[in-house]
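These are the structures in question, set out in turn.
You will see two complexes here that share subunit A, one where it goes with subunit B and one where it goes with subunit C.
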Partner chain A sequence: MSRRPYVREVPRFTWWLKKKFYTEYMMREATCIAVALYSALLIIGLIRLSEGQAEYTAYLEAMRSPLGLILQLIILAFAVYHTITWFKLAPKGMPPMRFKDEKVQPKAIVAAHYAGWVGVSLVILLFVGLV
Partner chain B sequence: MREIQLEVLRYSPETDSEPRFETFQVPCQEDWVVLDAINHVKDHMDSSLTYRWSCHMAVCGSCGMMVNGEPVLSCKAFIRDYPDKIRVEPLANFPIEKDLVVVMDDFMEKLKASKPYIIPKEEKSIDDGEYLQTPLQLEAFKQYSMCINCMLCYAACPQYALAPEFVGPAALALTYRYNKDSRDGGKAERAHMFSKSEGVWECSFVGACSEVCPKHVDPAAAIQLGKVESAVDYFKSFLMPWSR
Partner chain C sequence: MAVHSHKALIWLPFAAGGMLAAFVLPIMIVLTTGFLFPGALSYERAYAFADNWIGKLILLGVILLPMWHAAHRLRITAHDFGIHNDAAVRWACYVLAGVGSVLTVVFLLAI
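This part shows the complex of A and B:
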């Protein structure tokens, strides 16, 4: 009897389309592009601000234009997906913690992240005078 | 009694140039698992069907296979949870030895090199008594000690599929388990497997390993925590060279 193991090829570029779980993982990773894009928009805003009032006003108008708003809404959708998926994984990256002699449950860690998100959002909204 | 269509991937190294599917009509009892249906084929239809199994109670870790594309223990996959057509294949990401049997040499070598056993901090004679451990010290690693080496996590891991040199989820989770054991002093000896780039750093945190683990080991968590520890140790080696 001879050994002749058969190796099944894995599609190098399309493997992540084979399973929903893998596709969701790739989407989670891809959301960083949207986050980077928004960071770039903010940096452009800072540069425009340093150039003078007229330039900064033009920047704000561009951001408020339909195209600017659509772009920001798309980025927001990706950022929310990014946040939710990473919060879901947060317990896996945290060392075991104890509170009042009990192990802190993964659900509590995720809940704390959401609480932090709401808290920081409120502070920002207060700061810009929207609340 | 319910009749299912069991599609089994067959491969005979002596006669086949590549694997092919063979379909069996299997009459199943309500409480059967996929392994029972495969045993029925072996006993009554085709005795040449080759597969691994032993305990039939999700303890031995031998009967892992792909059922409708997902890596599962076939003794834990109830027929009632599946449609009438069930496709069974050998564990993904491993070469096929014959039919549903995979070549597990790569995993066995990585497991061995990871030194998944206690390397005592200090040797004690039997007269000195047991190595004691508190429940809290046990809790630090208990879930990772539940691994049964079934390799479902390797079959689920796309990173292992694309980069076979990756040490992989189970071996890394077991390394973490022994590193975290209060009786152990072998962390430095295991670092060559754990902290190298093909170790924890090859993991891109897909998290599929933890989803498919039948024993809730959560290898993804062990690997992420391992990355933190590996990074801290790296910087410590510069800041406190004497601590090596």
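This part shows the complex of A and C:
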């Protein structure tokens, strides 16, 4: 009991910069800040929309001002990173699946997610562009 | 006797919100920047979309689910960012998401 246990020093705020794997993990987790920020932008838009045309148009102009665009481009980069990492983890979060007596390969599950992503994005674009 | 846990209540919106965010957020951001179909989010069109129950439900989903996903992830990750007071972090994350939820519902109903 007299010996001091060995405690490895871990820098509290910068430990995740030491290894690429840690940095990628923290980048993945940090995408939630961008997602939360974008939700806030949408809620502000909803409030402006309920207030009237002038208020909503001003909101849209602010979203498309240089500052609004820079902010949204940063959010977009994190959102795409969230998509990539979410799809990468998808096969690990699913129960094992079988198709025609063969195990469905994780690669196939990830590929299906990407195909679905392209499909969903196109459907939304078609709806917005045509309706 | 079964032990009840509130974890399912947290995990369901986390997974659903993460999935929804992965599939629809990038294209939504492209649309709100106005890079594609800049006229699509005009006042008349946005109002018409939010003026019926289907549109309201879609907006409710795309705003609230990713937000609760983010709130839960932020709470869990705060520990890795060096903030270890989970009670305070939990309170801050979920209260913020709760306020966002109330605002969303109130203003969706106001339209």
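Rule of thumb we're sticking to: the second predicted complex is superposed on the first by the 122 of 131 C-alpha atoms of A that agree within 3 Å, B and C clash if a C-alpha of one lies under 4 Å from a C-alpha of the other, contacts with A are read in each partner's own complex, and residues count from 1 in each chain.
To be clear about the criterion, a residue touches a chain if its C-beta (ideal position, glycine included) is under 8 Å from a C-beta of that chain, and two chains touch if they have at least 3 such contacts.
Bear in mind that the values here come from a model prediction, so they are computed numbers and not experimental data.
Asks: Quick one: classify A:116 as touching subunit B (first), subunit C (second), both or neither.
Replies: second
Asks: Quick one: name whichever of subunit B and subunit C touches more residues of subunit A.
Replies: When the residues of subunit A touched by each partner are counted, C comes out ahead.
Asks: Let me test your reading of the model: by the given contact rule, A:3 touches which partner, first (subunit B), second (subunit C), both or neither?
Replies: In the superposition, A:3 touches subunit B alone.
Asks: Looking at the overlay, does A:96 come into contact with subunit B only (first), subunit C only (second), both, or neither?
Replies: First partner only.
Asks: Touching A:40, do we find subunit B (first), subunit C (second), both, or neither?
Replies: The second partner, subunit C, only.
Asks: Applying the document's definition of touch, where does A:19 land relative to subunit B and subunit C: first, second, both, or neither?
Replies: A:19: touches subunit B, not subunit C.
Asks: Which of the two partners, first being subunit B and second being subunit C, lies in contact with A:74: first, second, both, or neither?
Replies: In the superposed model, A:74 contacts neither subunit B nor subunit C.
Asks: Using the superposition on chain A as set up above, list the residues of subunit A that contact both subunit B and subunit C.
Replies: 12, 16, 25, 29, 93
Asks: Applying the document's contact rule, which stretches of subunit A touch subunit C when the two form their complex?
Replies: 12-13, 16, 25-26, 29-33, 35-36, 38-43, 45-47, 49-50, 53, 56-57, 60, 63-64, 68-69, 72-73, 75-76, 79-80, 82-83, 86-87, 93, 113, 116-117, 120-121, 124-125, 128-129
Asks: Taking the touch rule as given, give the residues of subunit C at its contact with subunit A in the complex, in rising order.
Replies: So the residues of subunit C in touch with subunit A come to 15, 18-19, 21-34, 36-38, 40-43, 46-47, 50, 59, 62-64, 66-67, 69-71, 73-74, 76-77, 80-82, 96, 100, 103-104, 107-108, 110-111.
Asks: Could you list, by residue number, the parts of subunit B that touch subunit A in their complex?
Replies: 11, 13-14, 16, 18-19, 69, 92-93, 95-97, 103, 139-140, 158, 161-162, 204-208, 210-211, 218, 220-221, 224-225, 228
Asks: Can you tell me which positions in subunit A touch subunit B when the two form their complex?
Replies: 1-8, 10, 12, 15-16, 19, 21-22, 25, 29, 89, 91-93, 95-96, 103
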